[in-house]
Each structure stands twice: as C-alpha cells, then as structure tokens.
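Going in written order, the chains are labelled A, B, C, D, E and F, and every chain counts its residues from 1.
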Amino acid sequence: MANEAPRPFRYPVPELGALPEDIRARILAVQEKAGFVPNVFLLLARRPEEFRAFVAYHDALMEKREGLTAAEREMIVVAVSAAHSCQYCVVAHGAILRVRAKDPQVADLVATNYRKAGLLPRQRAMLDYALKVATQSHLVGDEDHQALAQAGFTEDEAWDIGAIAAFFSMSNRLANATDLRPNPEFHMLGRR
Amino acid sequence: MANEAPRPFRYPVPELGALPEDIRARILAVQEKAGFVPNVFLLLARRPEEFRAFVAYHDALMEKREGLTAAEREMIVVAVSAAHSCQYCVVAHGAILRVRAKDPQVADLVATNYRKAGLLPRQRAMLDYALKVATQSHLVGDEDHQALAQAGFTEDEAWDIGAIAAFFSMSNRLANATDLRPNPEFHMLGRR
Amino acid sequence: MANEAPRPFRYPVPELGALPEDIRARILAVQEKAGFVPNVFLLLARRPEEFRAFVAYHDALMEKREGLTAAEREMIVVAVSAAHSCQYCVVAHGAILRVRAKDPQVADLVATNYRKAGLLPRQRAMLDYALKVATQSHLVGDEDHQALAQAGFTEDEAWDIGAIAAFFSMSNRLANATDLRPNPEFHMLGRR
Amino acid sequence: MANEAPRPFRYPVPELGALPEDIRARILAVQEKAGFVPNVFLLLARRPEEFRAFVAYHDALMEKREGLTAAEREMIVVAVSAAHSCQYCVVAHGAILRVRAKDPQVADLVATNYRKAGLLPRQRAMLDYALKVATQSHLVGDEDHQALAQAGFTEDEAWDIGAIAAFFSMSNRLANATDLRPNPEFHMLGRR
Amino acid sequence: MANEAPRPFRYPVPELGALPEDIRARILAVQEKAGFVPNVFLLLARRPEEFRAFVAYHDALMEKREGLTAAEREMIVVAVSAAHSCQYCVVAHGAILRVRAKDPQVADLVATNYRKAGLLPRQRAMLDYALKVATQSHLVGDEDHQALAQAGFTEDEAWDIGAIAAFFSMSNRLANATDLRPNPEFHMLGRR
Amino acid sequence: MANEAPRPFRYPVPELGALPEDIRARILAVQEKAGFVPNVFLLLARRPEEFRAFVAYHDALMEKREGLTAAEREMIVVAVSAAHSCQYCVVAHGAILRVRAKDPQVADLVATNYRKAGLLPRQRAMLDYALKVATQSHLVGDEDHQALAQAGFTEDEAWDIGAIAAFFSMSNRLANATDLRPNPEFHMLGRR
C-alpha cells in the first residue's frame, strides 16, 4: 500500500554503539523485554539529556502503582493521543493498554471515542478530565475537580490524571513534529 | 474493563424471524460470508425501507469495481469515519480495509492520521479531498477538483470519492446517534 | 450581479431522453407537480443506482406522515443545511418549508438562527438534537435522548429526527462538492 | 408555527412621543420612506447617544457613493451577518441588497455561501477579505491587502470593506444580544 | 529585537495641521492629558466622519458613570480584545484598566485568562456574558440574561456589558485590519 | 479588585524544610538569584521525581546556548503559552523575555499577536512553526520543515523549536490544571 520504505522518524537514526552508556543500557533493556526497540527511544537518543529527562518523567507518571491502575494510566494516554492524532502514541500505547487491561478491544474503542467505550463511570470521569486538560486546559476549574472528587478520585489522583494528560500532550507533539512512526510489532500486541 | 453488558445499539434488537423476507435473506447471506451479523444490519432492520435504501446506496458506491480500487474505497471510509469519531465505522471498515489492502497495519495508521500513513501521493490527494468534503464541504471549489485531476483522477472518480465521503458522513451520524457498537469479531479481522 | 451563466452543477447535464425509463418518469412527475425540474434530480441522474437509492431514502424519511409533521421534517432540513452552508438545500427546502408550514417567514428565520425563530419548545428541542447529530454526533448521549423524551418525542420520532439530520448531512456534502445551484423558482415559492 | 407573540427585541419598546426630537424625526423619516419602522431604530432609541453615534457611523460607511457600489456594500453586510448568524441583519440587509442590486436571488445565495453565489472575481475578493476581518482579523496581513489590490481595490476601498465588516460585527452582536427580530415586511422586499 | 522602524499603522499618518478643527482639538486635548497621542486617533483622523462617530460611541459607553464602574468597563475591553488578539486594544486599554482599578497586575491577568484572575463573582459573571457576546453572540439567550440578573446586574447594565463587548468587537477588527500598533508609552502606564 | 487572598495554586504549599535536600537547594538558588521563589517550583516540589525531571528537561531546552538565542527561546515560550491562555507562563516568561531581549515591550506584543509584533522574518518563521506544533501538530509536514530551512534554521534548531513548543504545551497544561498563579514580582521585571 505504501510507497516509501518506512523511515522511523524525520531525523537520522543514531548508531546504538555511539550512544552514552546509560542510554544504550536502557534501550537494550527495553529490547530484551519487548523483543524490539520502540522507535521513540531511537528518536530521543539524539539528545541524551532530553532522553534522560523524558524517561524519568514518563516513569514517574506511568510506573507509579498507587492510585490509578496501570491500565487506567494507559487509557488516559490513548484517549489524549487520539485527540492529538498522534499515530505513534495511539498505536504503541494502545498495545500497552491491551496488555495491561487484558482486553483486546478496549484500545480501539477508547481511541475512536472514549465516551462510547462502555467504560465504568469512574473511568469516564477520569477521561473527561484528562481530555479537558489536553484540549481546553484554560477552562479547567473547580467544577472539574469536584467532578473528579465525586467520582472517588483523591487530590493526588487528580494530579496524576492531569499530569499524564499534560505529559502526553508534550510527547504527542514531539512525535507529530518528527514524524515518528509506530513499530509494526505494536499493532498485534495484546490482541489475543 | 467495561461495566455494562455491551448492547449493540440504543434501540431494541429486532427478531430475525419477524423481518421482511428480503431483509432476512440479506442478513443471512452476510452472516454466512462473515461468520457473524454486523450490528449495523440489525440496527437498520428496524426500518425496512431505510435498510433497503441504505444497502443499495452503499453497494452502488462500495461494490463498484471501475476506477478506485476496493482498498481505496475503504481507505476513504476509515479516514472519514475517524474524523467523525465513529467507533463502529472505524473498527468495522478498518477490518475490511486490512482485508482488501492485504495490509495488517494500514487501517490503524489511516484512522489516526492519514497524512502520516506513508500513502502514495495519489492516495494522499484522494483523502485530502474526501476529508474536505466530510468536514468543510462548503469550502470545496475548483482548486480541489484540479488537485484531484493532477493526481490522475477522472471526473467520475472524483464523484466517487466525494460520494463515499458524503455517504459515510451520513452513516457515521446514524451510528453515533444510535450508539452502534462494533462486533468484537471485527477487531482481529485481517491482522494476520 | 453575476458574471457567469449559471451552470446548475459541476458535471454535465444529462439528456432526459437518454435516462433510464424509471428515472425519466420520476423527473417528469416532479416537473409536472412543481412546474420545473429541481436541479438535484438532474445531477443525480448521472448515476442511476445512486439516484434510486437517494430518492428511496429521501422518501422513506420525508414522505412519512406518522410522528413528525411534514413542516417539522423540513424545518430539520433547513436548519441542518444552513449549518453546512448548503445553498441548494437551504433555498430549495426553505421553499418547501414555507409551503408546508404555510408560513412565509419561518424558513429565513430557521436558516439564520433557529434558536431565535420563535419556535415552540418542542421544535426547539427537536432542532437542538438534529444540530447535535449534524455537527457533533460523537458527543450525542443519553442526556440528548432524555431531552427529546421530555419534549414529548417517542423513540421512533427520535430516530426520524436523527436520520433526517444524517441524511441531509450527506446530501449537503453532495451538493457542496458538485456546486449544485438552486433553481431560481425556489426563491419565491411559498412567500405569499 | 410560532408560539410567542413576536416581541421585536428583549427590551421594552419605547414610546415614539417620549423620544428626543431628532431621533423621532429620523424614525419618522425612515417610516415614510420604507412604510414601516425597522426594529433596530426602536431598539437603539432606548439610548439616544448610542442611537446617534450608530446612525452616523452607519451612514458614513453605507451611504458613501465613491468606490464600492451600494449593492457591494450591502453584499458585505449580508455575508458578514450570515457568518455571525444574525437574523435581523441577514433578513433586513438581504432585502436592501435585493433592492440595490436589482436581483431577487443574490441575497439568499450570499447569505448561505458567498463562495458559490456566482459573483464576479472582484466581489469574491471583496468578500474573502470582509469575512477574514469579521472572523479572523488577527490573521489579516500584507497578503490580504495585496489580494485586494490585485482585484483592483484602492487603499480607501480596502478601508471601506474592512470598516463595514467591522461595523456589522458590532451590530450583529448588538442584535444577537438583544434578540432583535426582523420586521415581517423585510422578507418580501425586492423579490419581484 | 525588531527589524522595522515601527509604523503606527498600515495607512499614511495624517498631518495634524490638515485635519478638521474639531478633530485636531480632540487630539490635542488627549495629548495634553496623556502626554502623547494614542495611535488610534491618528488612524481614524483619515476619516473625519468615522472619527466623530467612533469617539461619540466610545464615550457614550465608556465615559458613563452610572452602573458599571470605570474599571469594570475597561475590564470588559481587555478581556474582549484579548479574545480577538488585538494588540493595540489589549496594551492601551490594559494601561487604562491598571490606572482605573489602581491595580498594576489585573490587566495582565485578565488579558491572559480572566477565569483565573481572582475576580469577584460579579465580575466573573460580567465577563462570561461579555465574552459570549464577543465570540458566540448567536447563542446568547434567556439563561445568559438570568445569570447576569442573579449576579446583581440591572437590565441597563446588561445592555452596557453587551454594548461594550460589541463596540470593541468592532474596534478590535479595525485595529487588526489596519495593523494598528500600541504607542510604547502604554506599556508602563499604571504599573507603579 | 480581587476578592480572594491569592493562593499560589490549587494544592497545599509544601514546607521548604520538609523537601528533599536537592530540591530545597535548587529552590534556594533560584530565590537567591531572583529575589523570590517562582510559584512553579513550590507547586512541583509536591512531587520530587517530577520536579527533577521537569527541571532537567527545562534546562536542557532553555539553558542551551548553541543555535537559538536565549531571547528567541523565551519568545517561543511566550507565544505558545499565550495560545494556551496560560497565565503563569505568559507573565513569568514574559518577564524573562523582556530581560533576555533587553526590550521592555516585546513580551506584551508577542503574547497578544506575534504576527504583528514587528519581528524579524527569521523569528516570524520560528514562531509560525512553534505555534503549528503547539496547536495543530498533526498537520506538521515537510513543507513546515522546508520553511524553517529557508529561514536559515538547521535541523537541530528545528528540533529545539519543536521541543520547546512541546515542553511548554505540557507545562501550560500543568499550570492551568493546578490554577498556578504568577508571582506579583514578575509583572514589573525587565520593564525599565
């Protein structure tokens, strides 16, 4: 269907061997776990300081295990990334959502329209807030925080939802500006 | 992940046995071919006259084999349906696109952002026009038709692209207004 | 005022004599009743199968006489077509609305801003729903269907409102993509 | 069709006899000429100073006879007012446009979509600029003024186009905020 | 930082000596009071009739001292002008707001996001209405006027809020279309 | 003018003494340099890991001295933050821009409308790209990168512009979601 040998992104792919030791180690660890190197790591490796800050920020928000579940965190990522038409993030985090939620269909449903994805009221409230932060943050006010509280979220969980929505608003833009493409492997992950 | 037994749509599901003969026959034929009854058929069966007109219109545009290929027609459907956040249409026609294009990834890429899906210039021009018809038709003008001509499309192919975009602008709205959900079977079709 | 001999649409006008018998018969019947051939019939005649499906679909939604009145159905068409800046549909169906409502001013008021057209609360609710289906269908939810129920609409009437809004979302796009112009006769119909 | 005795606007209608002499005189003069008192005069009479400034500003822009023709000035008003969904201004100035252009159809065409109204290239350029001033004035730049110059407009005509678009952006908002309704007489003016 | 000698606006600057007496007098009076001639006066002087109408209208709305305070009126101007990205109006009226409110920070806060400017509930309601008139006037309805009444505004104050929002919707467009630049003096006014 | 004791943000202010040593040290260093503690540091201190990642990312992009100048980097921040109506970021980084550009007016001009701020063509191209990344990143394509190249930017500078736009798209959302208010001191910085 496609007419171009798919480049993973707009910038040259760095040589693994030429990267700083800590970055190469991180990349090899991901490769060992996933079976392939997600393109985002190769993209950011061009900028070691930015790579380290990005990964640290990502892990602080996404690897945390109090409050929101791992699947809920990925659900936020997929819904926010779809609102920004970010191909890499929807496909890659759609895969992670399928795995974490042990649900082969939820990612496609959330990516297309989270309001019609049959989610729990708590999850619907979570995504309503996340999407408002992602697309109209200047309108966020007390009523939005009250809605989260009524859905059972603590102040710290509200922070997490907003921070994940904000962080992926950044990474969606980085991916879109650099034409970052999803690795083919992501499409099938978690579908069985 | 979900808290509701997933209803296929907002209206009651009609009894197959109570449907007019021609409609039941069409539904059974689809079931035989696909292995399941796509929910859109059950939804529209509530209204036999609308069912017949919808199916006739659909087939006139989508089963035609001159000009645009079958895969190109489905590509238009997926891109337009994504622009309207139509869950049923993106998932169901995403499956058909995978099958017709023999490409397990193209549907996810087109649904998220057709501009970054590595398409041929001809296909990019086709989708630029289809999306303009779907989302800003009052701005369509000579320059858009000239762009199609330069990409090699005939006047009749231009009609087809616009008509498919228009027809699915209708069916996306029908699906969204009735909460039509995709059958689970669609998610895996054509992924291998 | 104008500098072009007004073409009725972007495509060549077909010869009546060369059309399939059923299509010519339908066109002649309309001409007999209206005194002229509305341009949309000449446009669609280029594609006989699409002509038949379009007309059958249109009649199933617009000629029905249970539930919504004929004037209410046209009111939906005018409001939806104005939202899509469809010249042909606003002018032609504005004329039909004037005739069916026996009100020479309502069409101009609904076309410009149905919210300020002095309509009954029931009609206002009907158009609020129709416009949401036409312009933001992905946001339609239970609350919209409840609002219709509170305004006294049955489930079947809700379907009709949504289906008319969806059908004309299609035909507005067809008209806009093909530069379909209204026949001059429509402008004065129903004004006395 | 309507359920309310149509009030001409949200505020009480002032007594003609209680108005300052100059304002009453102006209103009577308009009544003599038109055969009725356009509602906008009654609305603004509540505020004599604003009435005088509004009328003086309006006349400076709309009664001027160098440069743009009277019909072109009204064409701008109709297109801008349609973009703001201003019922009073579209209906009232649509009538004046029909009279000044001696064209019974142009107002309906311009109100729905000026891009498809068969206008002269000069008029199309004029309305493209007017609409950009009305709806995206922060993006107006050198290229827009160059396009006007290429279409043959002088610097003073460019000012007039922009100023008329700006003035009616104000009066559309006044009318919308006060629910100003068009007098029934406007609907038929200039249609024969 | 800038590469151009800053022109005050797109049109030639008129000679003070060549202006009609009343206009020159008004300009000199402003200069005497402010210490400089705000560019808007020089711009409008090109068109004496429009100058007089503009100033009369402005003064009727902005110099009035019943109802809204002087600071509240300027607050409306700043919020509306920011919504239209009008550089001249935000900077010039920001200065006047600082002076009238005796608050060196309020203008920057209102210009960026009045919802987060720590305003009184009355002022928030005032600006919610003003912004709806400025950006979505076709949606203004009874509920908006009821909200103003609940916040303690009379019908005449509601008129003032709407009229100021409408007037500056005009003057923002005039400034944007003519590239009117703020005088450097405005930036520091009222900051101590 | 304001009715609330201004809280610096929605969450409780942490005790400096209770913070991890490295974070307290960083805050004290900033305070020493600026004379006050910018509220963003107190906000993020609630989350030490996120604080560290945020500051590291910020410094990697904003303290870099090859390619873009310090003033240009701040210009991007102000323009992007204004597009997101982020009060904290516009006021705080507006101050830094004034200082770094040694220009007391540029920040107000860029915040209101960078297109009319009298910038160099190179800076205009830089901000056009930054704003497209910030507000429509899914449309960024080859033509945008070519425009940067024609304006003299290298591939690495293009990355910096995009990355700064993306990073502040995140921090604007964090500030908006937490009601982060600018310190009063920022308003006057760099105005003399």
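General remarks:
FYI, a residue touches a chain if its C-beta (ideal position, glycine included) is under 8 Å from a C-beta of that chain, and two chains touch if they have at least 3 such contacts.
The shown structure was predicted, so the numbers you read here are calculated from the model rather than taken from an experiment.
Touching chain C and chain E at once are the following chains: A, D. Rounded to a multiple of 5, the C-alpha superposition of chain A onto chain C involves a rotation of 120 degrees. By number of C-beta pairs in contact, E-F leads when B-D and E-F are compared. Centroids built from CA atoms put chain E at 50 Å from chain B.
Inter-chain centre distance (chain A to chain B, centres taken as mean C-alpha positions): 28 Å. The centroid of the Cα atoms in chain D and the matching centroid in chain F are 44 Å apart. Averaging Cα coordinates per chain places chain A and chain F 23 Å apart. Shared interface positions of chain A, defined as residues touching 2 or more other chains, are 85-86, 113, 116, 138, 176. Chain contacts here follow an irregular pattern that is not a line, a ring, a star or a complete set. A list of each chain pair in contact follows: A-B, A-C, A-E, A-F, B-C, B-D, B-F, C-D, C-E, D-E, D-F, E-F. On the side of chain D, the complex with chain C involves touching residues 1-4, 6, 71, 82, 85-87, 90-91, 94, 101, 103-106, 108-109, 111-113, 116-121, 123, 176, 179, 181-182, 184, 187-188, 191.
Considering their complex, residues 113, 115-116 of chain C touch chain E.
Only residues 10-11, 46-47, 49-50, 52-54, 56-57, 60-61, 84-86, 133-134, 137-138, 140, 145, 155, 159, 162-163, 165-167, 169-174, 176-178 of chain D touch chain E when the two sit together in their complex. Chain contact summary for the complex, chain B toward chain D: residues 138-139, 141.
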